[in-house]
Each structure stands twice: as C-alpha cells, then as structure tokens.
C-alpha cells in the first residue's frame, strides 16, 4: 500500500475548514495540523476528541518532518510569502485562489516550484466538479464541434469587500473553468471589460468581460454582486452541439442540445418555426455523479505529488487566470479599450 | 357608442397576419382590407367566407375613404415611404419595428405626423404584455427603489438574415422595453458594444451592449442568434427590491425579490450565509393576466387616435430606439469604444 | 384536389368557438354555419365581415344540404339526442367529451353510427397533442418495455359545477390518453376510487382512482378542483425506460429517462447513491412540434370520413372512457370497493 | 455554562455516520463512543486521529458512566430490545425510524420511558427541516385557514428490500410530517390503501394511501420505488391559502399561494380565465434557512432532556405513525377496504 502524505492546513477562516474536512476524510492524506494565528479558530476546526495538532506559527508548521505538504487558505496578500517559504522548506503547496495578488509574485511561485521539483497547485474547485469534468470530456471528444461562443453568468448577492472588486472575486471561477475546458487552455488574444459601481462603494459591483478565444469565437463573462437571486449559468455554443450548464439546477445541471448552427438561407417556414418553438433539437441530460469537488481536488493533489506531474490545476493555470484578470482590469479602467493579456510560459512561469 | 375605425393591413408576410387577426377581433376596429403585392398571400390572410377586401396596391388602399388607419408590416426598407404616403393621405399609421432603417427617415416620419396631427405609432409588442406592464407599474410606484443595473439576455436560434445583424434584429425588443419602463424613457449618456461573427457569415451573430442609463447605473443587453435554446430574461436590480422577468416561464414570469442592496461591512457569518443560500429575501410572484399583447396594442392605437394623444409607443419611442442602435453599431465597429447617442426631441423628431 | 366537407358547429358557448376557429382555418373543411339558440353568441363566433351563416335551430342545420358533418359542443345532457338526429339526417358527427351523460345513450350512438356507416368521433383533444402522439409512438415501439405503473396528476382551481363532480370533469382527459397510448386500449379488470367533498358543496372536489391495467400494473389518477396551482403530470414507468410528461413545462414537456427497473439485491453502496442522487440514468428531452391539437383533431375527422375508417378517437373510445367512469363512481360510492367496468364491443357499442 | 451530555451512537451502517457527525459538531453533545458489532465500520465512522471510543457490544456502551444517552441506528428489528435495555440502564434514547417493527413493542417503549422519566425520541428528520418548520408555523398561525386536502408524492428509484415494502419504507416520512404539522397530530378516523407489485418481487413497490383527517378533509400519500426521477412534493390546500412544498427545488422549496377556495356559482368568464391561466393568485416564496435538519434534531434531543419535556418528535409520535401504517397494511391486504387505526394515548403509549 502506498504511504499517506502528511498535510497541514494554514488558515482556519472561511475556506480552511472545508479543506481540513476533506484532507481528513481522504485515504491519501493524513491531516497532521491546522494552523492559524488565532488558536481558537484552529481549535474549532480540529474539533474535540482529536489528536490533530493546532499550530499558531507557519514556521513551526514548516519545520515539522511529518508535514509533506501545506494547503494555504490565508488572505490573498499572504499567499506568495507563505508559499515561497513552504517551497523553500521542501513542502508541496496547494493555494486557495488567487495564486497571488499579482502576476509578478505568482510567476515567481511557479518558477520556484519548478526549480525545486515540488508540486504547486491552485484550488480551482469548479474544475473538480462532475459537471465541469463532463464538459471537459465532451469538448475533448469533439462532440460540440468548433466552439463558437461561450456565455457565462455568475451573479449573486455578494458582499462588498475591502480588498477586491467583483471582477477579481467572481470572474476567476469562470476563467479557471475556461482554462480547463478549452483545448490549449486560456490564452486569449484580446480582452475587453467594463464595470460599474452604482452604489458608489469604491469597488465595482457589476462587470462584463469579453475574451477573444481565437478563430472568431469569444467568451463573455457577466459578474454581479447585487442580485438577491443566484445565477450560475454557462452556455457553450459549438458548430455541432450546444451545452448548457446550470449549476443551480440539481436535476438538469448539464444539458446537451443536439443542435449546432449551420449556415444557409432560412425559409419563411423556418422563421415561423423558430419563432414559436422554445427550442430546436433534442436535449440530452446526462446523469452526473454527486461527488464533492473538494474531495477530488485533494485527491488530485496527492496524485500529482506521487506521479511527479503537473496537477490538473497547477500553478501555471492560476497564473494564466491572473494574467487575464490584470488585462481585464486595465481595459475596464480605460472604458472597454481592448487589451492583450501577457502570455504565460507554463514551464517557467515567465510572462511576455 | 363610439364609431369604429376602418383599418387596412399592408403586408401579408410574417407579421401581417397577426395584426389582421387582432384588428378583426377588436371592437374598436373594422378591418376593411389586407394589401400585398402578392394577391394570394393577402387572400390567405383574409380567408374564406369573408368580405374583407384584398388589395394589391398601396395607392388603392390610401385612396379608400373607409380607411382611417393603416398598419404597415412590409420589409423595413419600405416603411418610411409607405408611412409618409399614408400620412399625406390623412391616415393614422402603425408601423412594425423598426420605424425605419435609419434615424433620418424616422425623424422625418415623426415630424410629418406631428405636423399633420395624425397618430404615428410603433408596434413595440412587448410593451403591451402583462409582464412589462407590471414591471412599468412597479418601477413607477418606486417599489424597486433606485435602479442600479439591468441585465437582459435574449438568445435563440436565429436565422441569419440578409439585411440585419443580431443587434438590429433582437436588441430593439430590449431597448423598447427599457424605453417604456425607465422613468424618463431611453436617453443614455453612453453606449458601448461588441460583436462577433464566428461563422464568418458577414453578419454578426453574437453581440453585447452596455447602455449607461444615468446615476452610475447601466443596462447590459446580450443578444445571440446561435443558441438552440431560448433565453428571454431580464433582471432589474434596485436599491429596495430586485425584479426578475423570465418570459419563457409561464408559471413564474415575473418574480419580485424582497431584497435590495445595502452597504456596510459584511460579517463572516453573512458571507457564509450568502455562500450556502440560493437566494436571500422572500420572493413574490404576482398573478398576471394572460392577455394577448397584440390585442392591447391595437386597442391602444384606437385609443390614441380617439383621445388625440401620443400612443404608449409612439413614433418618438421608435426613434429613440433607432438612435441607440445607431450608436451601438458605431461602437461595435470601433471595438467597444464608447459612443454618445444622439438625443431625440419627442415633439419634433429632431435629433442633436 | 379532394373536395372540402361542409361543417356546422352546434353550440357557441365555451368550446364551440375553438372548434369553429379550427374548422375555419383547415383546408379540408368549409365552415358553413354556427348554431346556437342564443343568436348573439353564434354571431360573436362568426364575427364580422363573414358570410358564415348563423343558425338558431338544430333542425335547420341538419336540413342543410351543404352540411356534411356537425360538431356538437352543447351541454352534455343534449349530446345524445342531437347526435342521433344528426346521424339520422346522414351527417357525420364530432362530439365534445363526454360522448353522452351515460353509457346507455353512448352505446346507442356507437351502434347507430356503425349501422349508418357514418363517422362518429369524440373530441379527446389531448390525444392530438404532439406530446401524447410521441408517448403513443414510444410505447408502440417498445422503448419503455413492459409498463409497470402510470401516475397521472391533474389538479387546478376548478369551478364547482352543477352537473358534474371532479371525477367526471377531469378524469376523462387522463382516461382518454390511457385509452390511446395503452396497447389494446383501455380495458381495465378492476377500478377502485375514493372521493371527498371537504367544502360540503354536494359535489366531490378531490378524487383518486386506481385502474388495474393488466399484468400486475396499475394506473393511478389524481384529480382535484381545489388547487390554485395547476399540475398536469403523468409518469409512465416501464421495465426499460420511464417517461415523464409535464404538460405545463413548455421546454421539457416530455422527458425519457434512460433507466428502467431491474431486480436484484442492492448493495449498501447502491443505497447510498440512490439517496444522494436526484435521479439515475440519462434523460432525453425530445423536440416536439408546437402544433395546435385541435387543428390535428379536425384534420383527423376529415380523414376518417374520407378514408371511411374509425377515427383515432372514435365513438367506441368515448364509450370505453364512460364505462370506466361509471365503474369509478360506483366504487367511490362504496368507499373504494373494487368494481369491474363493463366491457365495450368497439364494433357494435354493446356492453357486457 | 450548561454541561454537555455524553452520547454513544449504536449502529455504524447507513444512518449512523450522519448521526455521529452531527453529535460531534453540536455544542450540547460530547460523542464518547460509536458502537457496531463490526469494529471496522465503527472505526471508519470515528476516523483517524480521534479519541472517540469504538465499542462492539451494546452492553459495554450501556455500562459506561460517561454515556447519558444513546442513538440507535441499527436494523429495525433490534430497536425495541436495545431501546428497552438502554432505558433500563437509565439512558435517554433516540431511535431511527421506525420506532419498532410493530406497535406492541413501540407501545411498551413509550410506557417504559414515561415510567422511568427518561426522554424517548424518534428521528423524524423531516420535521427538523426549515421547510417543515415553516409549514408548521404557517398552519399554526391559521394562515391556510381550514385544511381541505393534502396531496403528498414521494417517489424515487428505491431499492427493493428484504424486510419492508414501499409503504413502510417511504410513507413514514409523510406521516411523520402530517403528525407534526396537523393541529392535534395524526389521529385519523379512517385509512384506505392499495398497493401493487408489478415486478413480482414479493414486496409491493407502488402504493397509495388515503387518510381521513377529519372535517371532510383527507390526506393522500403516493409512494413509489420504481421511478428513476425523484419527486418529493406536498400540496396542502386550505380555505384561505394553498401551500406547495417541493423539496427538490432549492430555490422555491415552499410556495404560498394567496388563494384559497370559495364557493359560489362561477361565471362563464371565470371558467375561461381558469382555463387559460397557469394559476390564480399571487405566490409568495419565503426565504428559508439552509440549516441541516439533523443538527436541529440532535439539538432538540438535548433540549428535551435538559428541560424534561417531550421532544418535538417523541416516542408517542413514532407510535402514532406505526398505528397508521399497520392500519394501511391491513387495508391494502383487503384491497382498499377502509380501516380505523388504533388510537394512541400519548402519555402511556396505550392503544385502543
């Protein structure tokens, strides 16, 4: 039997407890410690009648011999310094998104991990959901044909936060999914974004982002913090089929519409039929597993370490998302002016 | 009892039959003739065992003394010449959207009708649906509070048409609704649009349009011809309440979310609750009548004539929509550059 | 070209106008007259600028040489006498459901039409919807496998009526569908029904009906007049696949679940998966036409006459439904005691 | 601060792990042991790096001084003997449903607990969901008016089990909810049930149950193991309002229809409107908390012990459900013959 890896979760705030719960339950991992400056928060995560250790210093965690890997769920501003220290200490590293507050730090993280031969992985959780896995496979098999457009909507009642705007809070989810499902990953030629701050809060709460993904196709992302009702929907239109992912519909999370788009002069009759029909073409709604994404994610972390290969969502994926976000912010500041994101070298983390 | 008005429908193609059916069934109207160059099409609309006349020349229709009004459902390129001839002949005029292919012609139509003291009305059908009427009233009563954002999505499998792109085909519906429900009508300060033609058809099939509607608020319109599934959804976010209009959900066409947006520092607990909840705040789903919009529209046409007042969707409304469309096309041609639409004088039809 | 048949609609109340509209628009038919004792109601159906005749006496209608067929949409109590007179006058007959208030009259109608070689058809409208047509075909092709159970729910805010209870008002719709889709038609071995009148109105408003359809399978029908929200749902479970018909969901009216039922000892793991999954197996949602059922129904009436064959919903079908309803009423009066419906001879209309 | 109670979970099969997880996380409880004959199952529940004890004998658990209460999640056949032993040992007892395989044992359990002054509680989990809590409160406040009917549907792909049929497997959920929400609890005057076994498995897989709940009102329960799609829906019709609970719709789990039922002669116009409308009256969809029911349930267990009062779902509630199930089985064996359930004395557990 393969040996289990010892892991410590650093940061016991919002996301840390979820990571701890999944490491604890996964056969590939042995959760040895939870670390937070606030001991009571770490204690609450560990729970009673437990022998998992509580630590209050990162240094202490990194000094432990029984820690093979750390999962960093601290505020974004601290990601880079903790991750670099962990890599220096020879630990594999999982980082909650974003990889770092800016691409310069993130690039350095990717290079450091690469040089050290350690695994650097980003927790792009959505990429481990059964729905996104299915979408990835459907595209990889060519079932959608050529991708013509993607429309993604992610709105909810967000909380206006001191450190990020809606673009940096929500769009990483959509971009990380695009990076995973698009053949070749996320490498857009142009990005154009707008944003608005109707509350005068100092942070934009509504934003729209167009990403040119090549071949005349574009992906559009709409994010919004001001809606009391959630929408989590992505439509992927292909030349053969169209896929609709409605993440809030547990019964029909993914629908595959057996109808792509063809050209040609429509008849009057076609027009009439299109007008009265709610849709055209059969729909297939696949049965998806109800696996928890975080469980698969921590499993992938262990597998990437064991097999000494890049994780499905490696540091370079996190860096590509950052590169697009930075371009989008630049565009929005210039009222939609098109901006070319910097290209990421997945090996070295270099940007050009 | 008030006398009925004689009306002739000009154009027996796609939309004309619907107009004819509604004029025929409405107590304020007497459908006296249907006109089309292709006599067989007009005959098909009139049907058998009918004494409604069939005409093949517009001149013959305009010469009839029993015709008080005409409804024009011919191709857009002919709207202006037929409408101006009808106004010259002293007839009231209803025009299928768009009012004219360009704002110059449309402006002339508005001025001519105004000078002649005749009713010029545009068939913005959606404005006569029970849902849009309800939305208008809810906003007018202040129930939403200050409007912060509007998100409108209108996608379906459209037919690529020789004369219009997706923006000119679909966005007029959204813009006409905005013109009706926004206090003060549609008078945006800036417009920004992008478009793409992933099929290489020569006409853009996917387009996104941001319209600044004042006070930091914006309306975003997403139109798409390439989707096998229809979406017809508008979210209107206000400071007090949020309204969701899903036109394809007959059971919950309009939902009023009893939750607006307030500022303030969210607690960790708020964040957790927002993350796990599908929504916050109670929803009210009003019972709406199932009245046919076209029936209300032809009734409004008669009422506007009788009461000698502008129709709810008068010529100036059609002109305002054209002004925004022209600005949007200009912006899209310049890759999203912001453009200020020309202002419309509702009285005279003048633009500046 | 085949000649058109002359038809008169008798009864201009609730349903008559719908029939008149469809006969008028159908190329196989020539609507020559609308008849009602109340001339103003008939006039309203005929409309203005029309040369369709208005009649106020059934005798006058039946005496007309240009009337090949009549459609009877009068109160149920008058169906038999009008239909028998029409058959005597050599007219083909379409009857709104129920065929007659009781099976004795209905049986006589079937026999009379059979003897006279005339078409007697019942307007079981649902059998002409694209959804039911699809269900029929799917079952006929064996795609569901052996039918194990049927659950039908039909509830809405009904109006308590002086002449019928909820069972006789609503269940005929479900029974007519069963008669059409079940191979071999509706010929149950046992029927058991209960009913309640919680308002004390003198008519039951809630009723449940179990119909044994052979081979251990049963169909259960739930009808209810007291619900402000409509439900129109039928689940048909087969050994290979399961079909769900939700008539109020225009987007997913029919779903075919790629999962039947197999026996065998479930594992603990199966149990867990069943517990957490919303469903098992892929779903296919076929694209259905949006044809109006009544148009297909009047077309079938003409075709049955022309081809001298029983209509899809002939008099015998109406009689089979009556036979089950009578048995159900008897059972409900005896608090659910099982009752065997009388068997219908489709040729002669005899019952035994 | 109040002291925490020590609890042991007995049975580490299907449900036990859920109980253990919730006891572990609840501040009122200290999970001291998990007991199963199969040590490895108990170990898996306890998990690693834990000091919760594993026991393999019930006697050992009951002998522990640090165990104030036990939660029994063993097969139904063993509930009574374990519960009685636990009560004899002075432990408070929570039992997974059903309370016992038959009412005789269950009655003895209620009496024993009552005599000993110990808490006997049944895990009717649904009664602790926010939806059922809301329904209970709405009814208690009189917002629905007089209850006229209840329709409950609970179907899914069940697993045919060796020891229970579909009625005993699924209907307890509906009956436990009825017992909680009906003022006065579940005390029906008559029960009528039918069942079928279309697979010939020896256990009925489809069953329908009518429960007369007084005042002419009835509740109908439809349970089915053969459906690949889940339905969990309850409609509660009152004289003032109607409530719809759709447990699988996370966005609109409960809808309150602002429309009850009134009598009176409907007009033709009413009939027309009812026919075309999907529904009548406004709907309110309340925001419900997303609390886990089991967490509330274990909290109620602690509160009932501390406050020395009957739990919301006490032993008598479990016994009332058993009484109705036994009557229903008797009725189904006699093809729907009405049966009067035995009345339960909540104090003593006596049945008459």
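As written, the chains take the letters A, B, C and D, and residue 1 is the first residue of each chain.
FYI, a residue touches a chain if its C-beta (ideal position, glycine included) is under 8 Å from a C-beta of that chain, and two chains touch if they have at least 3 such contacts.
Everything numeric here is computed off the predicted structure, so don't read it as measured data.
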| item | value |
| --- | --- |
| Result of counting contacting C-beta pairs for A-D and C-D, higher pair | C-D |
| Longest centre-to-centre distance from subunit A, chain (CA-based) | C |
| Inter-centroid spacing, subunit D versus subunit A (mean Cα positions, whole Å) | 40 |
| Between subunit C and subunit A, distance of the C-alpha-averaged centres to the nearest whole Å | 53 |
| Residues within subunit A bordering two or more other chains | 229, 248, 250-251, 255, 277-281, 283 |
| Residue numbers on subunit A that touch subunit C, as the complex places them | 250-252, 255, 273, 276-287, 290 |
| Subunit C - residues contacting subunit D, complex | 13-14, 148-149, 151, 153, 155-162, 192, 194, 196-201, 206, 208, 210, 215-218, 220, 222, 224, 226-231, 235, 237, 242, 244, 248, 255, 257, 259-261, 263, 265-266, 268, 270-272, 274, 277-281, 283, 335-338 |
| Parts of subunit D lying in touch with subunit A, wherever the complex brings them together | 24-25, 30-32, 47-52, 229, 248, 250-251 |
